[in-house]
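Chains here go by letter, A, B, C and D, matching the order in which they are written, and residues are numbered from 1 within each.
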Amino acid sequence: MLSFESDYTTGAHPAILQRLMETNLEAVSGYGEDPYCESAKEKIRVACECPEADVWFLTGGTQTNATVISTMLQSYEGVVAADTGHVNTHEAGAIEYSGHKVLTVPQHDGKIDAKELERFLEDFYQDGNHEHMVFPGMVYISHPTEYGTLYTKTELGQLAVICRRYEIPLYLDGARLGYGLMSRQSDMTLADVAELCDVFYIGGTKVGAFCGEAVVFTKRNTPRHFLSQVKQRGALLAKGRLLGIQFDALFTDGLYWEISTHAIEMAERLKTLFHEKGCEFYLESPTNQQFIILENEKMETIKKQVAFSFWEKADETHTVVRFATSWSTTEADLTQLAELL
Amino acid sequence: MLSFESDYTTGAHPAILQRLMETNLEAVSGYGEDPYCESAKEKIRVACECPEADVWFLTGGTQTNATVISTMLQSYEGVVAADTGHVNTHEAGAIEYSGHKVLTVPQHDGKIDAKELERFLEDFYQDGNHEHMVFPGMVYISHPTEYGTLYTKTELGQLAVICRRYEIPLYLDGARLGYGLMSRQSDMTLADVAELCDVFYIGGTKVGAFCGEAVVFTKRNTPRHFLSQVKQRGALLAKGRLLGIQFDALFTDGLYWEISTHAIEMAERLKTLFHEKGCEFYLESPTNQQFIILENEKMETIKKQVAFSFWEKADETHTVVRFATSWSTTEADLTQLAELL
Amino acid sequence: MLSFESDYTTGAHPAILQRLMETNLEAVSGYGEDPYCESAKEKIRVACECPEADVWFLTGGTQTNATVISTMLQSYEGVVAADTGHVNTHEAGAIEYSGHKVLTVPQHDGKIDAKELERFLEDFYQDGNHEHMVFPGMVYISHPTEYGTLYTKTELGQLAVICRRYEIPLYLDGARLGYGLMSRQSDMTLADVAELCDVFYIGGTKVGAFCGEAVVFTKRNTPRHFLSQVKQRGALLAKGRLLGIQFDALFTDGLYWEISTHAIEMAERLKTLFHEKGCEFYLESPTNQQFIILENEKMETIKKQVAFSFWEKADETHTVVRFATSWSTTEADLTQLAELL
Amino acid sequence: MLSFESDYTTGAHPAILQRLMETNLEAVSGYGEDPYCESAKEKIRVACECPEADVWFLTGGTQTNATVISTMLQSYEGVVAADTGHVNTHEAGAIEYSGHKVLTVPQHDGKIDAKELERFLEDFYQDGNHEHMVFPGMVYISHPTEYGTLYTKTELGQLAVICRRYEIPLYLDGARLGYGLMSRQSDMTLADVAELCDVFYIGGTKVGAFCGEAVVFTKRNTPRHFLSQVKQRGALLAKGRLLGIQFDALFTDGLYWEISTHAIEMAERLKTLFHEKGCEFYLESPTNQQFIILENEKMETIKKQVAFSFWEKADETHTVVRFATSWSTTEADLTQLAELL
């Protein structure tokens, strides 16, 4: 069946599979101590224009968020996030499971507003009772956000300035970072992200890999004995090569950007197509996820021939649904969708 | 370089890679809700001769142990294990990170003694202070153990009887279960394991997969909302297909047993070879890991041409090292090793 | 100095001290296994008109909240509270430290609205992604609330009905329960609270004791091995008599209600006094805490002669402050305050 | 009934009760910000001959151990203790509840041997797999130990040297510190303890207070935002005065030492008495706890007239029991006991 359900419905990009096959018989050490991990890390450092970056490979998004946040926070600290932030809503309480509170600020199209963040931090320290409260110890943002929206370089810079003033790390969840940076609206490079953030991750799972996220500590700020802490959280893969080889392939000959650009192109065509069909957008995102409002009856009809995600109820007779593109979306898929609509 | 370093040094068995390629473009739902996971689960239920078994796929061993143990225990309970048990020694405190104590009993070649377990449980409940102590809430064993040794069916049955009397689950860590069941010394089948244990896992990572462990709850005893708890522990893979496809391949046409038998055969030849060379065994295991005592100087020499694992110091001039075989060990490897020794 | 800073600025009610002295030399068992704890529990059961109530004594409010909530929730569950709820704001993240999320609903004068709670629970279970979210596993309210306001019996009944429908416990934080039940506006008795709530605590610290809160499980729903779990959380007092004797005194000859009534009377006079002086109320509470808006300059002046609590900034030139009464507030204190204002 | 059950069977020393009464009506700030806490801290600093000591008051022993250990350890660290250490046996898993492993070394009369500790630490860092293990991050000892035994100053010094070499804090659990330092066998002062340990606590609960333990950080090493962390662990008392006043009394005119000396004197007479009666000692401790082996029948007989603690089974016909003295043990008690035996 035709599927725009998500960007993780198909397997891995063929170039990744190819590399897995080519390297399959080579015996290497486990736990990320292999030459593929080394090579991938070096390529990422180069792509980030950040020679001192410390790169680690984890398996999935929630695991990465919980690991990064819980190892960088002190016990008395929580992480500040938009109320719609993934860590606050759809990680089954993984952050709290690690003992830390998610402190929320209002979201605006999924984003945190710098002024509001500043006020939040100011208010905290001015509160006479703040020793009885959870200290804001980190700022979490996602880019693209849960709504597919993007921070401008100026906006990210403002958040970075505030974080540095309060001496707390700025952490960017880049589960779909490629789609963000390859968006036609993006005014940022990977090097900008590396410069402005203290830690971020480059998503693999949703950008063509079977699994895997590359965490980048940019300021010589890796938590001590990070490998042990990753292991302690059940996040250390024995065959670390599986992650290393995939990221090595993704950062060879610009594959990561190629995949991302392709998905963005498909998403732009999708947008055009929905516009042409007179569909209403809940949010016209600049990235690979599009949020459409469908009349319920129509939704039920097309559901039979194309998979998409339920997002939320719009009103009694309409529903917000999400269509996502990925490395494997083809022009044929779009043509077929056009026919369906 | 020739390697007997571990059973996770090479990639995945070619049949697995083949299946990953064949299925790569098919769009399926995420988080384990795909037909491959379904198919693999059904094949495992059949192999276990346990139609009511509930099967889940996680990524790695420590993750699986921490997830199973922390979701099955009550807050006031700990898990009983041999003092050499993996959960007590080499998981960087993952069990304690989840809030639970590992309660230890003495090991005998890596195994728990039923009589000693019984006495431990009896003593606990007879202790007038036991409400101030950690309750034994589960028994953890590994099979094969950390030393490659095996429980007999009688021994496993005795542990099961004790666990049932005290109404606590018996959990078997089967990271290398295939090698255990295919050992020439084994008197157990997978169905026996399923019958005697309340929960166990069938290791994939160390038996030919890139990653993946199949947890089997055998007594309609899956913890409530297990998916949410797996997610909360950062252990839910978005592309669950990666695990489903691998286990589906492993349990098609007996691949799992074929891989295991091959490695056992290679291990037996390895044993013969070491015997012929007059090497001393620290422990002559019936499975795929062999523990040899090498004179330090000799160890340094052969280290240059073959990879193996340091296990522990034997005395001032000798060292215990581990040689492991796997699906990818070849007769050529053994011939080459023979020449080196 | 004159103090209306809080209801925990002075020691214990003299009748409590008297009992501590009288019983001092008697040797009794530790950990709550003494006749005073037994007697106090029985008196509380009688006062609650709930013979099957199971009563436990803990030391303080945050400790009690964290212990009750973390022992009644499953790992995958969080506690629903008003966004201003004490557990969400002023417990330094104690609930999250125990691994659980505080799920917030909007507050209305510190209270949860039954309709909004119902919608929150309905929406949760209708959300297709709810297995990736934190399950609402309990409802927490405070009575009086953090703003000194009260639920009516009807309102509490509505919350109870919803909780029972969703099979989650309703937990009432009664840190200042006496002041709530003795308020002139209260239409509830302790027996009503016991009937409608699944668990609640009767605050001692803020109602005349040195320390101590009495947790009441009303529905034969005490978490298993609760003593061990209390101990595990560092909340088990060796000399449990200290809590038993205090609560025994508080529930002898209606001392708890006498203390509460006295403080309410003092608070009513305080209100009158502030009205007479033309002070503006931020919130005219029916209990022992009054929230007044003071012009900043005036605030600074009277601060020199009377202690009160800073609550929050009202605007650039005004501040919300809190005046609290207690067992030890005297008419002389009020006369002195009248003169100061 | 005559009781030697423990050192926490009676209330507080009369001088403490006296101070509670005298100060009862004074209004002071909460959470330890009162003049009594200040005064008590200063007196303790003086008694420790350690002007830079940072003193905090917590409520009980397990709470103190869990708070100190969990705030001083990093996530990847565990605490090293004797296998009989209180934190390893009788705290219901409070340390593991905080996420940390207790790493055990063998006990010798309840004590850790410096050589064995050194070897344990050396072996850890020499183990090639130590990044997969729990790092030893602190050493915990109790003084007196769980068996009432004492470290000599030399022995404590040796442990201190090892801890400094490995840059991990030495933590001394002084639940019964007074009895240790006032023992006739002690060659240490409180100042010695403060100098050699990085953190320790002076037990109040078992040395004449209703509750309360004074934690002393001796090396300007208080964990950051310790108050918030104490609060987060449910260990911050609202009426902090209750602890401050008690410790102020204990450290006025040497009351703490007077209480301790009295109990030691009573314990020495107890020993003499048992010797005279020909009783066998399991362990003749130099402090206030005596471990006697009683013939079971005799035990049952005297149990009817005097309370003591069951310790452990000695053999089929004998039992180890504990007799403890305290501030409230009188000569009359001993005379009565002599008659009974």
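Following the convention adopted for this analysis, contacts are C-beta pairs under 8 Å (C-beta built on N, C-alpha and C of every residue); 3 or more make two chains touch, one makes a residue touch a chain.
Given the structure is predicted, the values throughout are model-derived calculations rather than measurements.
Trainee: Using C-alpha centroids, which chain lies at the maximum separation from subunit B?
Mentor: C
Trainee: Is the number of contacting C-beta pairs greater for C-D or for A-D?
Mentor: C-D
Trainee: Go ahead and note the Å separation of the Cα centroids belonging to subunit A and subunit C.
Mentor: The mean C-alpha positions of subunit A and subunit C differ by 42 Å.
Trainee: Please tell me the distance, in whole Å, between the geometric centres of subunit C and subunit D computed from their C-alpha atoms.
Mentor: Going by mean C-alpha positions, subunit C sits 33 Å from subunit D.
Trainee: Would you kindly tell me how far, in whole Å, the mean C-alpha position of subunit D lies from that of subunit A?
Mentor: Whole-Å distance between the two chain centres: 50.
Trainee: Could you say which residues in subunit B touch two or more other chains, in rising order?
Mentor: 75-76, 91-93, 97, 99, 131-133, 228-229, 231-232
Trainee: Looking at the complex, which residues from subunit A come into contact with subunit D?
Mentor: 70-71, 74-76, 99, 131-133, 135, 224-225, 227-229, 231-232
Trainee: Quick check: in the complex, which residue numbers of subunit A touch subunit B?
Mentor: Checking each residue of subunit A against subunit B gives 1, 3, 5-6, 8-12, 14, 17, 20-21, 23-30, 59-64, 66-67, 91-94, 97, 205-206, 210-211, 228-229, 231-239, 241-242, 307, 328.
Trainee: So in the complex, the part of subunit A that touches subunit C is made up of which residues?
Mentor: 75-76, 78, 89-93, 96-97, 99-102, 128-129, 131-134, 310
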